[in-house]
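What follows is a pair of complexes built around subunit A, which joins subunit B in one and subunit C in the other.
Take a look at the complex of A and B:
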């Protein structure tokens, strides 16, 4: 049976932002649709409306000509709309089967049979009786997919499903999605990754700033045309000009180990690497493989053995972040709102978080506000932060501006080494470009970077050398020219 | 139609208005309770809130009760601002009183200007020692400070009980559970003839000024602010988290200990079983009602102090149990938490204009 899903004039307004502005779209089964847009373009809002999480201010949704009233996720399920979110909604300590039975109306035995049939049909192999925390990200996603399939959905919505997957897992997922589509399930695939759209989808709808910009068939598009539609301008491409880097070693990590007493953290074992001046070392990996722990060990949030970190001929393994800053290191953590900055505090107060000795931000234990403010104004103008009010609470800065402020705050001391963790995560293309340019500039000034990132394209663009972290272990360090994204994918998944 | 809309940003005006609203709602609900109990609401509220402070004596009593509340709440605000949940100020008060009382007893029947400062200092140190227990357990053994500090309250009360009944009890006291009277040099001077208000109020005012200065003008205050918002950020900025946790507990313990000194070296002048009508717990309400702001805490301590006095007046004149005071304290906190909703949401009236 043919499934037809129609979104008609949907509008959703949040304070200060129109998330969906009069969006109308039509989908038919047998095809895979891409919903493409940058972060904040409104695709997530639209998807949440389809799955009943958000109720639109205006507009209607029709499934096979029936007007749907989606007031809760349960309504969406009842109307055969399945949804797999970007972040898994699974109980880590329960078994796979327990997770599946929670929101199912079926009896235990019947359900188990049904799951077995589904797994056989689509060639999934998951042990139903082990706790979810023992599964890989790809397997967890399959559990979520099975959960949707149990209800025989007419529509299956996938929200940025590949952000936690390896290259191999991604291609497995694509195979399954194509199989679902052939069986008549309408697939809507939300992403901002253009390559995936080209690989997988038949039609693409592009959103920008809450508006639907275009709907077209994939065969009439290419990556550049889609990128320009998505961003709304012609992008210049940044390229790192390869220069000979110096051979003077700046930082050397020897036999560094970290054993956490938190079961949800990753242990680091036997980390060894070094970075020369003017060099960018990229560390790739799927999130949750020890990146956060590695960052904390390097920044001094986690203190390690004194001799394990040698920086500029000093042993600094036992110093805290503030003390390491005095040796001209700088840090940009992954979490902008929870760690790198405090949203409830003013911009200038956030600047004072990087309190190095010569800054004189605090004299004899007293706050030197005029000094901090003077410094903040400099950062704002030097790093193009789009505001002139340093008393503004930093929560009112966009992600891109906040990240510029953070990078600016860290770079104002002209450090020898910047360690950054997913510096462009969740930013729009303009801001990403700016951050990338800044990072390249640092290298050109013979300063070094350690770039921990889950974005392979970013790593390939910026790094001179690349290593992959998997389950707390680093792979051998490779020259960036010899590396391809496929090779990284294999290493990220734990292969050789 | 009324619609509830999320605010873009917590309103600063509302931030200071909600405590006022909470007090108003408490009065309304209190009146209702009195009405249900068969009293005339306005008359009962008058007995509760106006009569007790209508004369000079009443006003002195108000300040007397507000002093320990203010002092403890100031100390607690250091802890609460940096996300350390010290619930055991009552215990720190008791232990501070024990130590300073012990020192005061050492100077039994001695006179000298140096005695009072030593007694006061001993109280502060006692409170600090007692507060350091949950602080050290939290920082080095990952215990929960809420539980530890709360349990230690009961320990301190039992220690006090033991001392006043046993080794420290007055030899000429006919076995009453109390110590000897302290010498005059070990007592805080009374400010006015015939009134009970004593010099302890200056300790509270000094604490207010100092805490304002520390919070808003020093690096230490800045670090506490940052840690209060996000411990991860504090760690990233390189602040010495453990030291700071211990420090705020010590400050808080010292303030509670000083409040204990005020209770025993003020009008009473001896250690006995019940030195505090739960000032240490009530001060938690005061701290939040005052929005953890030094000036706010002054006002909050006065408001909450009235509930103590009102409960006594109401017991005398209306034969209502004095525990009604605690009901009022509970209601204030309840309504305060409830009206905090308005910080983040506002009511929008739709349809009135056409």
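Take a look at the complex of A and C:
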């Protein structure tokens, strides 16, 4: 049976922002639709309206000509609209099966049978009786998909599904989605990744600032045309010009080990690498393979053996982050709001936070507010942070602006080495471009970067050398030109 | 000295009796906390239960009205807490502390008229079987219905959480209220229900103290048992069976140190009185050291307000 989903004149207004401005769209089963837009373009709002999380101010939703009243997520479920959110709606401490049975009306045995059938059909393999927190991101997503499939949905909405997946997991997901589509499920795929739209979808709707700007068939589009529609201006493509890097070694890691007391952390074993001046070392890997532990060991959040880290001819393995900063290291952690910045503090206060000694921000224990504010303004203009209010609490900055602010702050001491962990995680094209440009500039100034990232495209674009981390072990270090994303994918999965 | 074997049975029975209010209040609070709500008002709800039970018993003469009235009083006072923390989104810790202070104050006020009034005898079950089996007889038989209920409660609670759908929903809400809400679960309703249930159990625990354990009204008669109940929940890592163990150790040491004081053991009284608190916590910490299990049973959203944004 054909499914027809119609969004008619939907408007949702938040104070100070029109999230959806009179959006009308029509979808038919048998095709995979992309809903494309930058962060803040309004696609998440539209999706939340379709899944009943948000109620629109105006407008109607029709499924097969029936006007749907979506006042809660339950209504969406009842009307056969399935939804896989970017942030999983799973209960980490419950088992996979408990997660699935909680919103099901079926008996235990019946449900188990049904789940087994679904898993067989789509080639999923997940242990139903282990807690969800033991699953990888890709497996968690499969649990979410199974949860939707149990209800035989007519519509399946995927919200930024690949942001946490590896290359392989992504292609597996695409295969499944195509299979669903052939079976008559209407797929709406929300993303800001253009490559995926080109690979997977049949039709694409582009949103910008709450408005629908275009609906077109994929065969009439290419990456550039979509990017320009999405951003609303012509984007320049950035590329790293390959220069001869110096052979002067900046940092050397020797036989670094870390054994964690926490069973949910990964142990690091026998890490060895070195980075020369002006070089960018990329570290690829599926998230949860020790990246976060490696970052913490490198930044000094976890202290290790003094001799295991040699930086600028000093042994600094036993120093804390503050002391390491004095040796001109800088850090940009993964979690912008939890680790890098304090959400409730103003922008200028956050700028002051990581520079206690090497700046003139403090005099005799007192805060020199004018100095800090002056410097904050400089960061905001130099790094293109889109606000002019340095008293703004940092939680109100968008991810992209916050990341620019953090990198700007870290570069204040003009460090010799910047260690970044997923610096463009969850950012939109414009912001990613800007961060990439900045990182390339740092290399051009003969400063070094260690880039720990789960985004292989990013790594291939920015790195001079690449290594892969798998289960807490580093692969051998390869020259970036010799590496392909396929090869990285195999290494990331533990292959050779 | 010849020790009568039935005397040992009686001591064990008295230990169990002293554990009853702790088990009741802890198991109630455990459900509340498993849904992600930290209610520090256990002591206050218990004392309200104690005065309500005693007052109703004195006024109406009906034990049934008194017991259920005490539970209802616990429900009512916990409704205040639920309204504040769930509807008005106030801070759990501050609200819970206020509830305890409020409970102690208001119980003292109501209780003025009931000081010195003798309690009533509470009927016990299987009295006749008490002397049929040596040692086990006094342990198993001749107790109030509340006593038997308390010792069944940890097992019922464990079964409820692990095996029933509603138990699963309670755990889910405590794990991630956001996800639960997106699954169509009414988080606020679940949390209200869990808070009210916790209130009922604390009320019952209080009534046990004033109507059965020491049948009279004494101001501040809960004497910190509510706080111990709270500690038991945390140190048992939200495991009802470990609550039972903890409550027995605490009850046991409390009784034994009384006897030691009575015999005149040359250990400072202050140390003896502190002993149950210290040992209970040490034992529970030792038996709950598996960090994997702690992670799995700790409600991740404990004490955090959930505000559904729209």
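Rule of thumb we're sticking to: the second predicted complex is superposed on the first by the 457 of 496 C-alpha atoms of A that agree within 3 Å, B and C clash if a C-alpha of one lies under 4 Å from a C-alpha of the other, contacts with A are read in each partner's own complex, and residues count from 1 in each chain.
Rule of thumb we're sticking to: a contact is a pair of C-beta atoms (placed from the backbone, for glycine too) under 8 Å apart; a residue touches a chain by one contact, two chains touch by 3 or more.
Everything quoted here is computed from the prediction, not taken from an experiment.
Quick one: name whichever of subunit B and subunit C touches more residues of subunit A.
B
Answer with first, second, both or neither: which of subunit B and subunit C does A:331 touch in the superposed model?
The first partner, subunit B, only.
Under the stated touch criterion, which partner chain does A:406 make contact with: subunit B (first), subunit C (second), both, or neither?
A:406: touches no partner chain.
Name the contact category of A:362: first (subunit B only), second (subunit C only), both, or neither.
first
Using the touch definition from the top, say if A:131 reaches subunit B (first), subunit C (second), both or neither.
Touch partner of A:131: subunit C, not subunit B.
Counting only touches as set out at the top, which of subunit B and subunit C does A:393 meet: first, second, both, neither?
In the superposition, A:393 contacts subunit B only.
Determine, under the contact definition given at the top, whether A:188 touches first (subunit B), second (subunit C), both, or neither.
neither
Please report the subunit A residues shared by its interface with subunit B and its interface with subunit C.
none
Which stretch or stretches of subunit C touch subunit A in the complex?
165, 168-169, 171-172, 175-176, 178-185, 291-292, 295-298, 300, 310
Enumerate the contact residues on subunit A facing subunit B in the complex.
Listed in rising order, the residues are 15-16, 299-301, 320-325, 331, 333, 335, 338-342, 344-345, 349, 352-355, 362, 365-367, 393, 395-396.
Which positions of subunit A touch subunit C when the two form their complex?
The touching residues are 51, 53-55, 72-74, 77, 85, 88-94, 98, 101-103, 131, 133, 261-264.
Which of the residues in subunit B come into contact with subunit A in the complex?
Touch list, subunit B to subunit A: 5-6, 8-9, 217-222, 225-226, 229-230, 232-233, 235-240.
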